[in-house]
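What follows is chain A paired twice: with chain B in the first complex and chain C in the second.
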Partner chain A sequence: MGHDTHIHEKSVAQHEFDRRKNAVEMRKQVVNFAIMILFTFIAFAVVVADFSPYFIKPFILLLAAVQVVLQLYAFMHMGEKHASHIGTINTFVWVGAIIAFTVFLCFLTIIWW
Partner chain B sequence: MSSVAIGNKKGFGATLWDYLTTVDHKKLGNMYFFAGLLFFAIAGFEALLMRIQLMVPNNDFVSAGLFNELLTMHGTTMLFLAATPLLFGFMNWIVPLQIGARDVAFPFLNSLGFWLFFLGAVFLHLSFFMGGAPDAGWTSYASLSLYSPGHGIDFYVLGLQISGAGTLISGINFVVTIITMRAPGMTFMRMPLFTWTTLIVGALITFAFPPLTVALFFMLVDRMFGANFFDHTMGGNTIIYEHLFWIFGHPEVYILILPAFGLFSEIIPVFARKRLFGYSSMVFATILIGFLGFMVWAHHMFATGLGPTANAIFAVATMAIAVPTGMKVFNWILTIWGGSIKVTVPMIYALGFIPSFVAGGVTGVMQAVAPLDYQLHDSYFIVAHFHYVIVGGVVLGIFGATHFYWPIMTNRVLNEKLGFLTFWTFFIGFHLTFFIQHFLGLMGMPRRVFTYQGDQGWDLFNFISSIGALLMGLGVIFLVVNMLLSIKSKPLNTSDYWGDGRSLEWALKTPVPFYNFKQTPLIRGYDPYWIEKHEGNKEGMTYAEPVGDIHMPNGSILPLIMSIGMFIAAFGSLYHPDGVSWSVPVIILGIGITVACMIIRSFKDDLGFTVTKEEIIATEESLYGKGGNK
Partner chain C sequence: MDINTKYTPKTWPDHAEQVTLEGKNKFVGIWIFICSDIVLFASVFATYLALKDSGPSGMDITAKELFGLELAFVMTMLLLTSSLTSVYAMYHMKNFNSKGVLIWMGITVLLGLGFLGLEIYEFYEYTVHEGFGFTHSAFSSAFYLLVGTHGLHVIIGLIWITGLIIRNAKRGLNLYNAPKFFAASIYWHFIDVVWVFIFTVVYLMGVLG
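Up next is the complex of A and B:
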């Protein structure tokens, strides 16, 4: 977009605030990453520990669902309320998820019953 | 590239280099359009050869094997390599102008998308010269194609994989462009219908092409690297290919028809000189068609044997699509109703489109009735149906829009008399070809047969159908002649050529400068240009900013080299099953080139260039004379 170039200077307070905000953000990312690794580990663990398949299957699917949500909100920044076009992005992703889920459900119920 | 070179004559080499490296949405629009036209001509020629073969019973004009190749390449080319790029051409040209943007959101990706599509298409067509084209139909069902000898199917799989990646990239690009780059004041519910349909189509591409990629990838490893995803003798399942293909394939037909709907929704209000009737219901219907388009893929597989439950549910879901489509048809009719109609060439295409498309839609609902579909399946009735919707909808849309947008795209105008001649030749030829095929289908003529016995009551109808196809070919030749004649005609140097333009693109004076709007316009409502004209604004638009520096992207040769890398890798993959020693090194070389380009792109900061205020004023003066665009 055409504008004449502006130079933006940060005040010391602004700089400090940004630093602290970034540190909090980083901590969140690391914690979420650790949770993801843990979930993956648990998923492998229940298979290795030889639990009943009736437990393993729904349990792994549940972990997968949580991981998808974590992935979208923590790492793909869908949770940021003030990001630009966040509403559109949320609508888009969830509509896509609903379509994909319907197709999945359709196969399980009426095609391969 | 940063200097203002518009209006100065450039040498052939410089022009060629400019087009090879361009990231400008208008030039890429031209490239999409003319590449699409080329493949449209090739696929049309294949159709003519088929119709000549079927003109009389027991004909031996082409052999059975060649006929299979022709029908496969006709379908594949028309859908993936002709209709899609022709529509992408219009999307690239018109959408950024309609939303008041300088370019698309990812200009580099736009160029990459084009080159991937083009080289994939070239790769597919090389099959004719390198041992036989694909011959298993455009659907290439695994149960047939896995056992096809030669390299035909490999060309199909690899060519479509590459060009499909290009389409996917472009689709995502359009979605981001429309969501993030609208001019100030252009809310979602003020976007023109063509922009709306492009947005929905972008979303459909984003969700529909991945299943195709998966299907083609499975097919690729099955055929070339010895996997058994679709081979039932090895524990695979051939039906999975059909599901994957149609989960993509059904949205694909909406990917084609929705932009055509959008184009007609632009043409009709301009020549009815009346606001589009029921704008919000049009938007709603577009979204609903896009959504339902994902829920009906199995209606292509009624005869596969999914069982009565699945067939019934998919039948009902399919019929439901007729509701939003019907809303659109009524809205177009009510836009025309009571308008002060000017029957120009684009308008006559729109008027021809409505009854033709409705006829195609009605036979579509007939096929949605699962028991009846068992009768109609794989007969000429199906051929007649999908040609009615695709030719009667998409092709008429593209031809109409070509006349409609030619003044913006080329600063020339297509001859009106020749335009009417084109329309009537093509339109009569179209109905002559396909209307009678409904009855051929009901009489039992199966589709995809290379010849038939005489005296079954099919002889005369097939002959009439072939005459119609020749007329259609003649119509296309008239259109191309018209385009060529327009090169020598006088430049228009005007805005709002049709005099009744309503949306933003008509506010621009042609030829459109490379940065589009000198100042980003302010959108004060739906049909923004009409609002300004209505209030007597001599300048064309109200602007949202003063004249200032404009930031534009740099051109790059990397997309072309990246695509050439994929092209080379495809050859290695193609000859891998022959056991040649060079196949794996060639694959590594090709992918290496692509990856190297990606690394260069990632590590080289390319911040684009700035066009200064003085350069803008100089450009405007060189284009429009003293005073610039007033």
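Up next is the complex of A and C:
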């Protein structure tokens, strides 16, 4: 069955190394989180600061897009090459995004024109 | 050897959530679900944008008057932080610290409950005090459909994670429950992904008019 995995005991050095590696990865994730929080602050700030809507709208949409890519690749592990079927998953997500965008465009053009 | 094999921090595999076939399948499965959810949210988003501020003649409530930023800001912070706490849970899973996983998943649930409470309060205010009920206009229907669908996802996520915590409280980590926690954390991040677009498109762009 697919559950079969052999138990492999790590050496002390390997174990210590892996723990440190996990800690470094976690620190990177906190940095990613800090970037997301910063972008959220900026998005709210430009709206409160009352800039021209022609600047604000594309700008906050861009911030949202960057935040989402960070979420997908950092928090949701889409960038991890070892993960199973990661190529299929990437293809699915981006095709999903393209379909989503098309649906979006369709609805808007049907209603507005 | 079966999935109930006991592990120690030293024998715990590096990517425990994807060592078994079941774990691999769960990872792909949750992503296929998320892709279908992307399309679902695309249609409710498109509906909202198309029907924003429109309704029967004489309709007097617009997005610009209705939405406030304070509540949306607090909700965004709660959900974004809950995303980080579930990353902490996954970090403890890598280190075979089952208590850490349970505690951080618990914090995630609490933050999610805070978010849900604020959302219910917001809907209550709109419906009862502003007279902006679901049937008020095309705009209100589209708004509640979009934000409500997201809220439903939050409720399902909370029930799911709470169930996992209760069920695995005394089991410790093994190759059977590691993929379950992992899939739940990916689903929770996806809820945050959708919310990033909701606060940008609905609240921020709504306030702009």
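Criterion: the second predicted complex is superposed on the first by the 104 of 113 C-alpha atoms of A that agree within 3 Å, B and C clash if a C-alpha of one lies under 4 Å from a C-alpha of the other, contacts with A are read in each partner's own complex, and residues count from 1 in each chain.
The working rule: a contact is a pair of C-beta atoms (placed from the backbone, for glycine too) under 8 Å apart; a residue touches a chain by one contact, two chains touch by 3 or more.
In this text the structure is predicted, and so the values were computed from the model without any measurement.
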{"item": "Of chain B and chain C, the chain that contacts the larger number of chain A residues", "value": "C"}
{"item": "Touched partner set for A:F92, first chain B, second chain C, both or neither", "value": "both"}
{"item": "Partner chain(s) touched by A:I42 [first = chain B, second = chain C, both, neither]", "value": "neither"}
{"item": "A:F104 touches, of chain B and chain C: first, second, both or neither?", "value": "second"}
{"item": "Which of chain B and chain C A:S84 touches, first, second, both or neither", "value": "both"}
{"item": "Contacts of A:Q71 with chain B and chain C, given as first, second, both or neither", "value": "second"}
{"item": "First, second, both or neither for A:F33, with chain B first and chain C second", "value": "second"}
{"item": "Overlap of chain C and chain B interfaces on chain A (superposed complexes)", "value": "1-5, 84-85, 88, 92, 95-96, 99-100, 103, 106-107, 110-111"}
{"item": "Contact footprint of chain C on chain A as seen in their complex", "value": "1-10, 15, 18-19, 22, 25-26, 29-30, 33, 36-37, 40, 43-44, 47-48, 53, 56-57, 60-61, 63-64, 67-68, 71-72, 75-77, 82-85, 88-89, 92-93, 95-97, 99-101, 103-104, 106-108, 110-112"}
{"item": "Chain B-touching residues of chain A, taken from the complex the two chains share", "value": "1-5, 84-85, 88, 92, 95-96, 99-100, 102-103, 106-107, 110-111, 113"}
{"item": "Chain C residues within the chain A interface of the complex", "value": "1-3, 5, 7, 9-11, 13-15, 18-22, 24, 27-28, 31-32, 34-36, 38-39, 41-43, 45-47, 49-51, 69, 73, 76-77, 80, 83-84, 87-88, 91, 94-95, 175, 186, 189-190, 192-193, 196-197, 199-201, 204-205, 207-209"}
{"item": "Complex contact set, residues of chain B against chain A", "value": "102, 175, 179-180, 203, 206-207, 243, 247, 291, 294-295, 298, 306-307, 309-310, 313, 519-520, 545, 547-551"}
